[in-house]
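Next, two complexes with subunit A in common: one pairs it with subunit B, the other with subunit C.
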Partner chain A sequence: MKSLKKFLRTGLGLIGALIILALIFVALFANQIAPYDPNAQNYDQILMPPNAEHIFGTDDLGRDIFSRVVFGSQVSIKAALISVGIAMIIGVPIGLFTGYYRGFWDEWVVMRIIDAMQAFPFLILALAISAVLGSGFGNAMLAIGIGFAPSFVRITRGQVLSLRNMEYVNAAKSVGVKDMRIIFRHILPNALGPIIIQATLAMATGILAEASLSYLGLGVQPPTASWGSMLNQAQSLMSVAPYATYYPGLAIFIVVLGFNLLGDGLQQFLDPRTRK
Partner chain B sequence: MFVLKRLLLTIPILFLVSIMTFSFIHMIPGDPARVILGQEATPEAYQALRQELGLDKPIAWQYVSWVGKVLHGDLGISITDRVPVVDLIAQRLPATVELTIGTFVFALLIALPTGILAAMRRNTWIDYTSSFIALGGMSIPSFWLAMMAIIYFTVENHWLPSSGYVPFFQDPKQNLLAMILPCIATGLRESAVLMRMLRSSLLEVVNMDFVRTAKAKGLNEVRTMLGHVLRNALIPVVTTSGLMVAGLLGGLVITESIFSIPGFGRLIVESVFKRDYVTVQGAILVSAILVVFVNLLVDLLYVLIDPRMKAGKGADS
Partner chain C sequence: MTAILEVQQLKTRFKTDHGKVAVVDGVDFVIRQGETLGVVGESGCGKSMTSLSIMRLLPSNGSPEGKVLFEGKNLLELTEKQMQKIRGNEIAMIFQEPMTSLNPLHTVGKQIEEAILHHRKISREEAKKRAIDMLKAVGMPRADEIYGEYPHQLSGGMRQRVMIAMAMACDPKLIIADEPTTALDVTIQAQILELMQELKEKTGTSIMLITHDLGVVAEMCDRVIVMYAGQVVEEADVKSLFEDPKHPYTIGLMNSIPDLEDEREYLETIPGSVPLTHQMPKGCRFAPRCSKAMPVCHEHPPELLSLDDHKCRCWLYVEVDE
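Moving on to the complex of A and B:
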């Protein structure tokens, strides 16, 4: 009974991992999986409800919705990796250095900038950045990545603060190991756990944010199939073709759930307080 | 001491927020006036806009004069609508405030009972199911949930309107009806976040000494939970709610677009598409200031709920 419960707890994380693996598989083999060209328009088959030929139906341009959902997975996985990648490249080093050296720069410059950045609602910040830079996938990624960076600074810094006075760090210092080496070889590896959890959960939010921006028309531009922009186009057809809204949204939901489950599972696995 | 420190801490944050918002116009690649007006603009119009935005002055002077205006409640004139941005925002805020309150009420109605139940029945199927559903709730894109709600409640069954917002004081019944779906669509996610927070916070308190004392005194489970545990567990939940306001303001951008509610978020989206940068700038400034003050309020509330805070065990950085 106990091991069953334990499995239930970590099992959810496992399901999350499987969902993500499935997403990667679909994205890699989209060409083989999709029965049609995602952008091929067929005016003889406009707004067909799901049927044997088009299992998810067709949209107002006669494009196969299933094929578009399959290809949309590529955008989502890119969104997750790129936005979180940008956030980590900016956030983790800043967190490492400010946490390690502390002092004026840490308390009065970096952390206050972080506070100020976090005062801007995330999606509004992303909207404003893409307004300035122009719409498009790359700019949306930059906007989301910048929006995520503060949380990585905070989590990395918090880890470093709890590690910097550990005995093994002091020991390394006393035998003359250089700061850089201490930070990257001794502190960073031990701080990675929470950073990885944060990255996993941020990927879930990143996919949602990309879908939101694309839904508003500021992310991925037509005709590229992305789940958010598909929902944008399907919205005006809700009363005639509700099925066109079902699958792209369901796809976002399942994939985001996958990342959340994995993140949650990792958290429970790595956090000794909840591991019981 | 804590209160004073917290108030002082707000000053540098507001200063940095103002610098970031001010830089917004200057982040536009190239010449902002040119980008806003387009290539066909007459030289006169171009010069006039440069003067209006103050772009012909040195940058430090521009910042000081901009902050001076902001402090007097002047956020500039909308480029496309030619009305003061402050008026535009003031028109749009009531709908958003109402949505925010409605969303919170809905979220609390769901989160309080489920969170308490999950914590009381820890590690049972009730706990697992509700935790799983909560993760699911956090994963649903709110705009998709909104669409599904519209298809079910409006398109198929004509139970609830999906648009047609009217101000509350004009027609309370119509107003509330039009608010139900938007509040559910945004509130589900927030309720999931709150429920998870409440559950883990309850579980932390449950193991404390005073709870054991209460139980030893012979109080039953429900009275211990509601009378002793909940009060203490609510403290971190209040903080979370404060932090949620920022996310909520962002989320409402989308909800308002779908349900055509003339709110603050929709103003931002419209202005982004109209390239009305002055309005966007004013709106992001107002949203950041709102967030800063809500967080300040929550921290001060903290002192009221938890007298231990006053002693100076501050929640710094």
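Moving on to the complex of A and C:
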């Protein structure tokens, strides 16, 4: 509780946290918040601009955009958490161990595989993986997660490489502390700041990547609403109904901002020099 | 007095771009129980690498050869697991940089406890009590509060006290102190040295004190080895070393200490610097910088000779039959 208070005092982090909390709230209570069924088509009210009945307007199938944005939050939050979660579960341990032990496996196997993976544009890589795995939300998440993993390996490894030479690591070794404990208790907590920043940025990218894969038919299957797929569908209607792009776009913008502010706040909070 | 640590023909080599180079080249010495051994020399002459070889904490491209006998066991032959039982428990180390030797994310108390909990089968409360006792033993005021503080809240001198508390927490038989006072200012240096001396007398541990400060040696040590370019060039008890230094390098080191009563206009220096490890001279390693160098010095490396109470690696003390 005491540390929670300290975190809240970091200001911008608080705003970020509030945005993310609001997102979670909307996702959890989507059924109560949305005035309409997000997938119900109403051909009497096609492409209505925002009005009293449909506050965000309707799309080309007469679906209520506000309800779709509300339900889209569920997909986006899942996309952000699951893809980054998978990437961290794969990437962070690999980065920790290769960075700490170095040697042949690190230099000639793991890092070269990662170079090869990073040589492809991220989306192409994710596309290739989901083409192998097949379509569907779960496979899309796995594909994005695997695509993100190299950046987590790199950022973790980079941190470990500099931290393993710190005197306090040597000092811990000199009192007989075992490797595992040094890795997880002395190195990992000190490496966490950049990893968390990377995670929040990746969550933002994850939301976008899910949208792209969904658009290509490899992610969320229609008619399920996700912000990215709404944006992509609205793109062709830009000249007739520009408002249809505003709201999913705004939702993505706010949530990405929220994740970034949260990341900044966490970084400040995790640094004991600013914690006091 | 029995020998607690015996280093025999220690040779530590590093793989580098210039091939394998020996940074420690055939070092022998003994540390007896309750004794303080000073290891003196310029930067880059292998002092720290000797200590890291003993602890087996060398960077991964370095490998030690020879024998490091600690109470009869050769540390170089132990497995990593057996070594972890020795580190901190039997041999502990104090590092040069108190500002970076403590993990910034953990309280100092937890870091002292870590060493204790690792080696002793005791409860957390007992370990905490021991940690606070250790903080008191190293002269920390408000030990109970300091226990819960983070390293950045402490000054350099206090952090070094914490490091000493950490090193002493498990009553090691030998403490290796690698330039423990170099990063501290002079008044704090004196306090830390006094503290180490006091603790040593109380607990009877042996200390291997690595330093380039001959003043510290004179104050603290019983015996001294002088290292140059990875080799021992002189070994003597502290009194005879200061009264009658033999090796020209030792003499040079002593002449380059400023003296208040002396009215020298210039401070003497030793010209040049320690040769690079992959470009060692053929003969005596100090010959290129030595004012007394003879032709033989440049041709053949001298042996470490025993001269009554001294050991010295220099051709000046060899009767050469031509």
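To be clear about the criterion, the second predicted complex is superposed on the first by the 229 of 276 C-alpha atoms of A that agree within 3 Å, B and C clash if a C-alpha of one lies under 4 Å from a C-alpha of the other, contacts with A are read in each partner's own complex, and residues count from 1 in each chain.
Assume a contact is a pair of C-beta atoms (placed from the backbone, for glycine too) under 8 Å apart; a residue touches a chain by one contact, two chains touch by 3 or more.
The structure presented is a predicted model; accordingly, all values stated were derived computationally and were not measured.
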Partners on subunit A (subunit B, subunit C) - clash or fit: fit
Which of subunit B and subunit C A:172 touches, first, second, both or neither: second
Touched partner set for A:11, first subunit B, second subunit C, both or neither: neither
Subunit B versus subunit C as contact partner of A:93, first or second or both or neither: neither
Most subunit A residues touched (candidates subunit B, subunit C): B
A:189 touches, of subunit B and subunit C: first, second, both or neither? second
Touched partner set for A:102, first subunit B, second subunit C, both or neither: second
Subunit B versus subunit C - smallest C-alpha distance in the overlay, whole Å: 12
Subunit C to subunit A touching residues, read off their complex: 55, 57, 60, 84-89, 92-93, 95-97, 100-106, 111, 114-115, 118-119, 150, 152-153, 163, 166-167, 169-170
Residues of subunit B touching subunit A in the complex: 12-13, 16-17, 20, 24, 27-29, 123, 128, 132, 135-136, 138-141, 143-144, 147-148, 150-151, 155, 246-251, 253-254, 257-258, 265, 268-269, 272-273, 275, 277, 280, 283-284, 287-289, 291-292, 295, 317
Touching residues on subunit A, where the partner in the complex is subunit C: 102-103, 166-168, 170-178, 185-186, 189-190, 272-273, 276
Residues of subunit A defined as touching subunit B within the complex: 5, 8, 12, 107-108, 111-113, 115-125, 127-133, 204, 208, 211-212, 215-218, 231, 234-235, 238-239, 242, 245-246, 248-249, 252-253, 256-257, 260-261, 264
